[in-house]
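By letter and in written order, the chains are A, B, C, D and E; residue numbering begins at 1 in each of them.
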Amino acid sequence: MLKFLSKVGAYAKDAVQAAKYIGQGMGVTFDHMRRRPITVQYPYEKLIPSERFRGRIHFEFDKCISCEVCVRVCPINLPVVDYKFNSEYKKKELKSYSIDFGVCIFCGNCVEYCPTNALSMTEEYDLSTYDRHELNFDSVALGRLPTKVTEDPLVTPIRELAYLPKGAMEGHQVDHRQRRAGQRPEELMAESKEGTEA
Amino acid sequence: MVMIETKAERMVINMGPHHPSMHGVLRLIVTLDGENVVDCEPVLGYLHRSMEKIAENRTIIQYLPYVTRWDYLATMFTEAITVNAPEKLANVPVPRRASYIRMIMLELSRIASHLLWLGTFVADIGAQTPFFYVFREREMIYDLFEAATGMRMMHNYFRIGGVAADLPYGWVDKCEDFCHYFLPMVDEYERLVTNNPIFRRRVEGLGTIGREEAINWGLSGPMLRGSGIKWDLRKVDHYELYDELDWDVQWDTGGDCLARYFVRVREMRESTKMVLQCLKQMPGGSYENLEAQRMQAGPKSEWNSMDYQFISKKPSPTFKVPSGEHYVRVEAPKGELGVYLIGEDNVFPWRWKIRPPGFINLQVLPQLVRGMKIADIMAILGSVDIIMGEVDR
Amino acid sequence: MNLGEGVQVVSLIVLAAMLTASAMGVVLLPSIVYAAFLLGACFISVAGLYLLLNADFVAAAQVLIYVGAVNVLILFAIMLVNKRQPYQPIKLGIVRNIVTAIVCVGLFVLLSVTVTTTEWGVRPIASVPSTMVKLGQHFFTDYLLPFELASVLLLVALIGAIILARREMLPDIQPSGLGMSENLELLERPKEKASI
Amino acid sequence: MGGIDLQRSLVEVLTGAGLSSGAAKAIWMPLPMILIVLVVTVGALVCTWLERKISAAAQQRIGPEYAGPFGILIPVADVAKLVIKQGTPPAKSDPLLYTLGPAIVFISVFLCFLVVPFGQNLLISNIGTGIFFVIAISSIAPIGLLMAGYASNNKYSLLGGLRAAAQSISYEIPLALAALAIAMMSNSLSTIDIVSQQADYGLLSWNILRQPIGFVIFVIAALAECERLPFDLPEAEEELVAGYQTEYTGMRFALFYGGSYANLVLAGMLVSILYLGGWELPFPIDQVGDMLGIAPSTAWWQIITAMLGITAILLKTYFFVFTAILLRWSVPRVRIDQLLDLGWKFLLPIGLFNLLLTAALKLALPSWFGG
Amino acid sequence: MTLDAFLIIAASLFCIGIYGLITSRNAVRVLMSVELMLNAVNLNLLAFSDFLDSSNLRGQVFAVFVITVAAAEAAVGLAIVLSIYRSRDTVDMEQFNLLRW
């Protein structure tokens, strides 16, 4: 009888414990109900792409020397470099340059290895068209610059974590013009100068 | 009114490739006896993209953007192994700063991977909400990645002999912020999940793998450590500069899904501590090495010392994989990620064999689920932590 | 019930039609699953008839036990053992059915004649405030013994059903590995074909 | 007591306008039914909205935002979309049963509201079997689920249907036992009597204080009957894709969807009627009226109490709904064997014990436990 | 609305049940036919109770007992059918010859 009772007691304890832990879990979810939503309402709010963001590629026609390094470092040899060898000046003359962004994976190898920095990355990432052939950008289309998120009047720009001031964890609560964490080079210079002077 | 338990007809049910909880495109052909699983046969290959053959037709630089598609949740590790293999073969040293940056990135990536694992694992058992919480933290890690590498997932950041770029200014501060923010969040997950009686009853004693068994199946990573084996390649192989950090291998002796859960949660905490240590200890200097190791300051300047100068801007795209063969591995969040590389003094590797941890850990699945209930398939599969990208390659 | 006479007659006719049709369906339909679902309809229309007979408690019990439990149980059993294979024909099957049908119709005619010719001592319907109170009084006074016996019967049936349907704890004499392998073969991918 | 009798007033108005009393009654008859169906539908739609908003809030999201203020119109959009959507029965399905299944589920849930009161006189019929009727009718739903599962010609659906049937059979018993203890205390199965028995001392006389064990059993069993998350095995997404609903779209799916939320509302109302004092306020309103010196038969006072009553029962119901939703987004799902274990090995014995305890207390303390 | 109507309905249900009981080859359908017959009996009981004994309602008491027995019968019957199915792999009544000699 006593054994049975102790068993019942243990069982009841178990049940109470279970209720306690379920309540604790519900406490966590309940606590979240008062926190600010962290989602970004995309077309109205946009994250500011980082400085190194690899968006659609920008191309400067005049800088290109038709060396074709971009083709060689591209995983699929995607850029099309059409040039003609001018025997008079012993130089390559670029006729057209195009990248098909329907195929490009934005790995950034071409930008990284371009010897004359003719290629660079923009912050444009929403390339959407009804016809995938429209994504095949020629040198004119590649030369266009996208609208900056920060300059678009219809959009509330929001900073990503790495660009927030020290201590701030959420882009919604920080004005995007506030200074980001870390010291600027000139500050470092001043600091080191002070250090050497002292 | 009785529940009659009967031997019903065997039902062969096809789970996947588009079943909600098959983690992508895994297909399981499950033979059921009522609610009990009699047999289970995984069918793979729905995401096969010839990753190994592609590697044989690319220079390392060209191949680097591909590798983040193996295990697209622990991206830094695939890049690490892709540069480590030629580095080891060509004996290219890595500057200390680059190595520290790599360690930070790897540990952040491990946290991201374990976070997503936590979300899907708990979602597989039925709790949807932690999934959103882990995404909150994971997004922060990806923000950090984006600031440093330019992309959230497909970083293309590691280079032979270093990394592609130094950390941007302010990054270290924000990374530290994240680490301090993250530890209480793990406590929160644990409050929500760990002691929940339903969760406990669903995973405790489920999918148990013993010590011997785990070794015999060739398991690695948390699967192995959850079975009571203290085996971590970071300690075993001494790669990068992990020896300079103060950390412990996280392990558990249960061998069941709960043990694997504990191992992963503890690894997240441990990784956070390691990142903090790295940030504190990070030395200055160069972030990349050149395969040529040219010196400007004269023959007496020492490698990695302050007056050692680097000339060229980039590792050349014509880097040649020297002839020879070897096997290099790193401790990825899912287990031992290895590459068996054969070079023949060419820009292309002659053979590039990948040892994905998920593929080898997945083999044990049919044995674990046999005799369990249908719902347990999801719990066990979730605890194995597979990514079809690397299983099928 | 405080419905008008006309409403009662109409509902009686409707319920009777439903009942007969669904009962015929239960017996005659080739598909056993349909038969089982029709059995549910049959039970529900019987419950409707009970309501017409001022037996609301029994009607609810009918729905709860017959529809909610017995019928679900039957459906459960059918879906578990639903073997879609034709039965072996037996000789004289049709003859048997016809003879049975004739006997049944004869029985029905006999019963109907008896019913209509017998003088039932029909008394005016006394209105009982609550059938449930009345039933409860019966159960706990003059019908206490049968009530207790019924509960014992239910218990025995429960235990009996569990024991009958329970899985054997020990595997059969046949070694399970051998016996199972044939069953485990996957329907869509036979092993020998997969190896080619 | 007594409150306002809408039926009598309407009939009086109509007969005053020159109609015969029979015709007036005939006009009255369909009104409460339509009203209840409308109210329940709206209640279920509000539930779906709450489900989205609460889950969003618990997950630090916003949830529906643009359809009306706070996305309040999103259920309307849902319904409109589902009604317009083409229903596509799968190949080789059984078209008749495929359509009939959701209808049976839907009808059985809405039939239950026949005896659920929103206020003293706000119910369609106060039949003597009351709560027993609800339990009996709601036991029809598994037939519809089995039908849907079988007719879909899909193994996931079949498994889901079988699970639904097993689950609802096993949890009906604890549910009935818990309700039985209440019936024992209030000496009646009628929902009206059950509430009026809790009316005397406001909050102190609610059944939750006298029946805490029964309350826990009832809530667990009600959640299981509604197939809400810790017990939503029949439609477990991770296991059975969507269980018996896997092959359903369009209007047929809307029936399942609406039915399940109406069922949640039903469970909430039953909990508030059985345990939380129904439309009674936490303080005895009649005594307040006495204190203020208002005669209970004053018309405006009656209207105020009726309004307060409806608000009270709706608040209680939606408190239960809120808890159920928050619970759904906090806990994982149990396994089928654990579910049946919980039902048969935990709730059933506890329910029987509770019944025994109630009977004993009723004999020992008749003044407190409805002698 | 007379007693005769209810009795005739019950009689028809009973006869249908008998027909099903004899001709069905599926064991589960045999069980269903038995349930039909029990329902017919119940209907009779309730009709008598209402028309002949409306102050005492003894027919309803009996009907409740019959329902109890029917539930027990269904449970045990299905258990038997399932255990036979398990050993014989069929539910065909013609092949149930366990008790033949």
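Rule of thumb we're sticking to: a contact is a pair of C-beta atoms (placed from the backbone, for glycine too) under 8 Å apart; a residue touches a chain by one contact, two chains touch by 3 or more.
Source: prediction; values computed, not measured.
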From chain A, what is the lowest number of touch steps before chain C is reached?
-> 2
Taking each chain's centre as the average of its Cα atoms, which chain lies closest to the overall Cα centroid?
-> D
Which chain maximises the distance between its CA centroid and that of chain B?
-> E
Would you mind telling me which chain pair, C-E or B-D, is linked by more contacting C-beta pairs?
-> C-E
Per Cα centroids, the chain farthest from chain C = A
Provide the C-alpha centroid distance between chain B and chain E, rounded to the nearest whole angstrom.
-> 64
Taking each chain's centre as the mean position of its Cα atoms, how many Å separate chain B from chain D?
-> 48
For chain A and chain B, let me know how many angstrom lie between their CA-based centres, rounded off.
-> 22
Whole-Å distance, C-alpha centre of chain C to that of chain D, is 29
Which residue numbers or ranges of chain B touch two or more of the other chains?
-> 1-2, 4, 6-7, 129, 133, 136, 192, 196, 198
Contacts with two or more other chains occur in chain C at residues 57, 61, 69, 73, 76-77, 80-81, 83, 131, 158, 161-162, 165
For chain E, jot down the residues that touch at least 2 other chains.
-> 71, 75, 78-79, 82, 85
Please name which positions on chain D make contact with chain A in the complex.
-> 54, 56-62, 65, 326-327, 329-331, 346
Quick one: in the complex, what on chain C touches chain E?
-> 5, 8-9, 12, 16, 19-20, 23-24, 26-27, 32, 35-36, 39, 42-43, 46, 49-50, 52-55, 57-58, 61-62, 65-66, 69-70, 73-74, 77-78, 80-81, 83, 87-88, 90, 96-97, 100-101, 103-105, 107-108, 111-112, 115-116, 120-126, 128, 131, 134-135, 138-139, 143, 146-147, 150, 153-154, 156-158, 160-162, 164-165
Mind listing the chain D positions that touch chain B in their complex?
-> 55, 58-61, 155-156, 159, 166, 169-170, 173, 229-230, 232-233, 236-241, 329-338, 340, 344
In their shared complex, chain D is touched by residues of chain B numbered 1, 3, 11, 13, 19-21, 32, 35, 122-129, 132-133, 136, 192, 196, 198-199, 201-202, 373-378
Listed in rising order, chain A residues that touch chain B in their complex are 17-18, 21-22, 24-25, 27-29, 32, 38, 49-54, 69, 72-75, 105-109, 112-113, 121, 160-164, 166-169, 180-185
